[in-house]
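One structure coming up, written as structure tokens, with questions to follow.
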């Protein structure tokens, strides 16, 4: 009897060990797939980064001779050695200012309305789909629209204002979508908590929704702006000048009324157009200028993205839900 | 009372076991009373000693059931009818244990009556009557508990009056004997103890019946007149 | 003892509630809330207890398509807080709420408590300071946070956060406080402190609490209502519900029987 028990226990143990061995083999097989996928992913990542790095270092090496302060303070010139990007970066800066001032209030307001106020029906669904799709419209189409609407329709001319509005329009969907995403990330429980102490809708939006979605909204805005910075096609379409040897009137002056808006209607150029212009010159010396400008654009773009990441981190750090 | 099963089958089993144990303890007491009665009727000392000996089992069961109750309270936090059942069983068990003690007194009296005492002039039919009634009361109370039948519980409570009346009659008879012939006092006092024990057993059965009403209806009818 | 008459603080009269998807979530509920008493709502998931609780501060108004039918009358002013003419904001000013999961704002401890006062236009710093302290004391949190009122609320433990939410709800001197499963996200010790707090708060206001935990209902409440599938099955003193419920369905639920 006892012997029998011992034997059956032994058999049970053997089969248990066999099972265990099978389970271990299976885990090993599954893990192998893990490793394969991780390696493929890593490879893709490294390839992408390498391409970017090669491009960037190529630009830096090519444009190296122009990396000096003079490049930033000189107007473009017929002589490659003296040519700088002063009018281009000032132009970019002012255009960005207009873009920021139009796209952010409009985009945030639109996102806020869609998320908080708009009734949920087929119309708001339609608008939602359209907004998302707008983000995918090729930028040159925005250029055509702006040419018809701003340049000829509203007679704003080929000005900083027109360019700023165009780019503003271009990044509006990005701002709207990121605003909505940021608002949606706020849990319903926080909203309910605010309503439960007797807050009105506007108080909830002002004191909570906007406050807690700032980080997400700013990230979206900066990403949109960095895209706008590099846009060339729509700016060319509306007819930006390629050769500008003057600065627009300063927006701020030391005499009353201190602020003027003449600069808005001024002709302008921007960094990518300046770069494009130099690239199309046969003289090889201008290629160096173009490379240097390209490097600067990439640098500024990376910097803006870095700021976006930092902002998001800093603001999210205090919010845990 | 019709009750559904608990979601926890283990809880069902625990309650079932508890109920069975109470019935078991009650049956044990019933047998003790019967044996003590037989010992008296047949003047059987060894049976009386057996009764005294068996009381340990009763005491052990009391402790075991109390323990089960505490465990259920800790593990299940019983509510409503479960809570009433557990609490009442705690009390019922005490009543049963007291009945065991009363039975012991009867057995001791049987043993004491073996000493050469001056006999009573007549057989005490009243004692047999009391024993009969007390046994029936206990059987009724146990059946009431088993079926949680409140109608039966009320009849058990009312039927205790008959036991009380019989007890009073027996006491009167014994007093008469003692006055007629003081030599009978020793024997009469033993008889008195026995009669008193049966009467007390009857009281405990009404307590059990009251607890059954509490379990079934949630109405506490202790210290109030019935209906 | 049963004859002690209680003042009715609020009562629902034939209250029906329909969600926007048409679900008939509450079916003709008639139930009083007694002043300075704790009333617990128990019942299986989906029985309508949270829905009922949220009627009391018109939380359902936040989502379109929900519909009330019937009345919740508050005393002594006899206002039907579900009436069209009554602004839900006015209702929420009188009836505050504590939620299932602690939901402090991502603001400082001080600002969390002060928010209800700010919403009411409170500007006087002295007044707000006093109210905040009073509320935090009321929520048994003052001693733990008085030296770090400007810390973020998220740095508090779960139980402290929930007490902060109670302080936030308390700061505006509500007449009724609603608790929606207030301890379901807390450990037993934090739970015990919230329960203790509730029984203290009872002296100041009237409490309605939804709980999944029957022992909790038995511990803290004076009255208990058992709800099932949108019906109020039984409303009674808590002791009666837990010792001798009248309805078989209540009995089956609280004893864990298969009904």
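So that you can tell them apart, the chains are marked A, B and C in the order they are listed, and the count of residues begins at 1 in each.
In this text, a residue touches a chain if its C-beta (ideal position, glycine included) is under 8 Å from a C-beta of that chain, and two chains touch if they have at least 3 such contacts.
Note that the structure is predicted; figures quoted are calculated from it, not measured.
Chain C has its Cα centroid nearest to the centroid of all protein Cα atoms in the structure.
Greatest centre-to-centre distance from chain C is found for B, with centres as Cα means. A count of contacting C-beta pairs for B-C and for A-C identifies A-C as the more extensively joined pair.
Chain A and chain B have centres, each the mean of its CA atoms, that are 89 Å apart.
Put simply, the C-alpha centre of chain B and that of chain C have 51 angstrom between them.
Each chain gets a centre from the mean of its Cα atoms; for chain A and chain C, those two points are 45 Å apart. Contact with two or more other chains is made by no residue of chain C.
Interface residues of chain C, counted against chain B in their complex, comprise 214-215, 218, 241-245, 250-252, 254-259. Those residues of chain A that touch chain C in the shared complex are 119-120, 187, 189-200, 203, 207-208, 211-212, 318-321. Every residue of chain C that touches chain A in the complex is listed here, in rising order: 57, 59, 62, 64, 89, 92-93, 96-97, 99, 101, 103-106, 115-116, 118-120, 152, 154, 165, 168-169, 172. Partner chain C is touched in their complex by these residues of chain B: 3-8, 11, 77-84, 217-219.
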